């Protein structure tokens, strides 16, 4: 079961990454230029139809994968680079530092991710970089909490004490004895938080915090298509929306599969 | 070599929030409650006693994994009770520990070889290449051919093999003092003798002193020079292994000995009343009195001191005269 | 004779192939006898106990042999009949009392449930349970406690009380004291010996040779799925016939014996691909040419031994 989930997820992710890298070869039209035909339903020429400015939706969907992937990947890497060391340090040393950090992280964690991201993005102003920072901040507590929790339990394990008796410094214990034992968790949290961040990114973009016209981006295209939905032009939002769901699902599958395969086993 | 004076460790009792609200004062588990002994160069002192009597805690304080609540630890004339930082790291080179559970004392994500190299690098005793050589020699020495085991991970080894690795790691720094905490209790019976032999070989070769913790008294004859019997955090009898095993004076020692299974029929049998005592509620007077079949009124009033009786120290108002 | 195990084979299917945990094991236990089964980890002691109870699960299977209990072959009766025998005629005590006690249910409720399953009426069940608790030296009030409120020794007593409540004729105890202190161990062993009085037979499985020696009438030594020696406890301990029994005995430290301990060299063979001939051959100090053939179990001085040192014998067991 978990193997099938893993492969399905990996297949989805690779397909989207492939699409983003080779967009110029895959997209039949220029995603920012009108093809002349406005609001055409899906057909052989335009398999996902065209939008209100006559742009090919399929081409926009293909190019749109680029922004999401860049923003979400770099944001998640950033949260990882901040959240993991903080979690390790907080869990290992404990004390006042741990209490302060935990309180900050818990209060950040208490906000729904999109609302927090909007608040930060609103303060920083709209731009791809700022959106990335906003999303990164949102997911730091996820890493922090998981890694801190695991560090708390690993640091009492006998092999850590054995390392202490050997004379290992705290930094060495963290690096050689604790971190390798939380590394699998980091990968799982990465997949799951990317899955969530994709939705958050779409939300931010929908509200115009990331890109401006005519850059193709799924969330942004959702908002441009929304006014046309009541009039029956369903294809403008359906395809970008489906892509958001699909990519998010891909990462969620990988994350769940990995956690089932590796984390559950290590608990024993 | 090592002297311990009036060592104590009190753990605060874990309570629920509500309990804390209504409790008048902090309650403590007196895990180790004033223990003193000496271990000479090349000597093995066995710490024995039933589960929860404070053996491990005593050992952990000596290797500085636990901060004593009171008392002093003196190693080669130097007070190491409260050492910290670099001074502590320097001392660690000389005092090593072998843990009870070979499944938990090795890092699952590190190769066997790396486990042995690490202590050498930590203390900057060798370059990486030299350390690898030393580690391989050590593996061969503990009966694990290096070419087979050097790059394996702990989960690929059996319990007995892991304990050999743990011993190799402790011995690679050539420590002068070793605390071995029940190193064979979780190992198959038929393999125990070989592990004990290995420990004894290192002891002889490095002229080590050792504290050997065990609840299995039959091992003391194999490895020990002296025995200290602990009950509820205190030593109740201490002396030469042979003489204690043949002629125990404290009723608790006698009961422990008479419960040890043996191939020979035992001549006497000495009982213990009731169940293991709770370290949260240490009885008044002699702490063994509620379970002692020989207890008299004095015992419930006055706590006996650990005093010299013939060739040993005994904490009992009425030392026994029995012979096994 | 209370139970007669004959040529029992129990196998486990593993990823590496079929593992014969028991290979043609035969064992007779008489009424009122205390039999100790000893051997290194993995030699098949627990598998023997579980096979007698017919509790071998999934990757495992009893493939041949017979287990005659009071004239009935336990391997031929239905699961329904077997369930009636378990607990009522044959009781079992496991190593870790927590595996046989539900931590969320009161001792008494579990006890009564077990008894009613065997057709005892509820009112009588409580009475029997309390009596049984008292018979193992526990206050009857323990009936109302949860398992976590008891000490390890008390829990093991509860498990024993449940195992003997229906007055089984055979009690199997698989390492009942491994998790306990010597002093508690001694008391539990006293209890088992007391329970033997009358007609009840006891099968004690342990890796502690001296414990078995101290308490048993007879000892069976197992090695790599075989019973290599079976006979009177005193004789097996004092003049072991099989080189493995001898090696095991001299590897165990003993407080009262003035002797050096000698480690057994090597380790037991892999049971997926056991070596041809005698399985103890590569560790045996007395191995000979003929040991490349599998030894037969023969009767020597009232003992059953599976070793070529004693020739082919004439009474094949």
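Should a chain be cited, it is by its letter among A, B and C, assigned in written order, with residues numbered from 1 in that chain.
The definition used in the following text is that a residue touches a chain if its C-beta (ideal position, glycine included) is under 8 Å from a C-beta of that chain, and two chains touch if they have at least 3 such contacts.
What you see is a predicted model, and the numbers here were worked out from it, not measured in a lab.
When C-beta pairs in contact are tallied for every pair of chains, the largest tally goes to B-C. With centres computed from CA atoms alone, B is the chain lying nearest the middle of all the protein shown.
The distance from the centre of chain B to the centre of chain C, each centre being the mean of the chain's C-alpha atoms, comes to 32 Å. Note on chain placement: the centre of chain A and the centre of chain C lie 57 Å apart, centres being C-alpha means. Centres computed as Cα averages put chain A at a distance of 51 Å from chain B. Only residues 63-65, 89, 92-93, 95-97, 99, 101, 104-110, 118-119, 122-123, 166, 169-170, 173 of chain B touch chain A when the two sit together in their complex. Within the complex formed with chain C, the residues of chain B that make contact are 50-51, 158, 160, 188-194, 196-197, 215-222, 245, 255-264, 266, 272, 275-276, 324. Residues of chain C that touch chain B in their complex: 40-41, 151, 153-154, 181-186, 207-211, 213-214, 237, 247-249, 251-257, 261-264, 267.
Chain A meets chain B in the complex at residues 157-159, 161-169, 172, 176-177, 180-181, 183.
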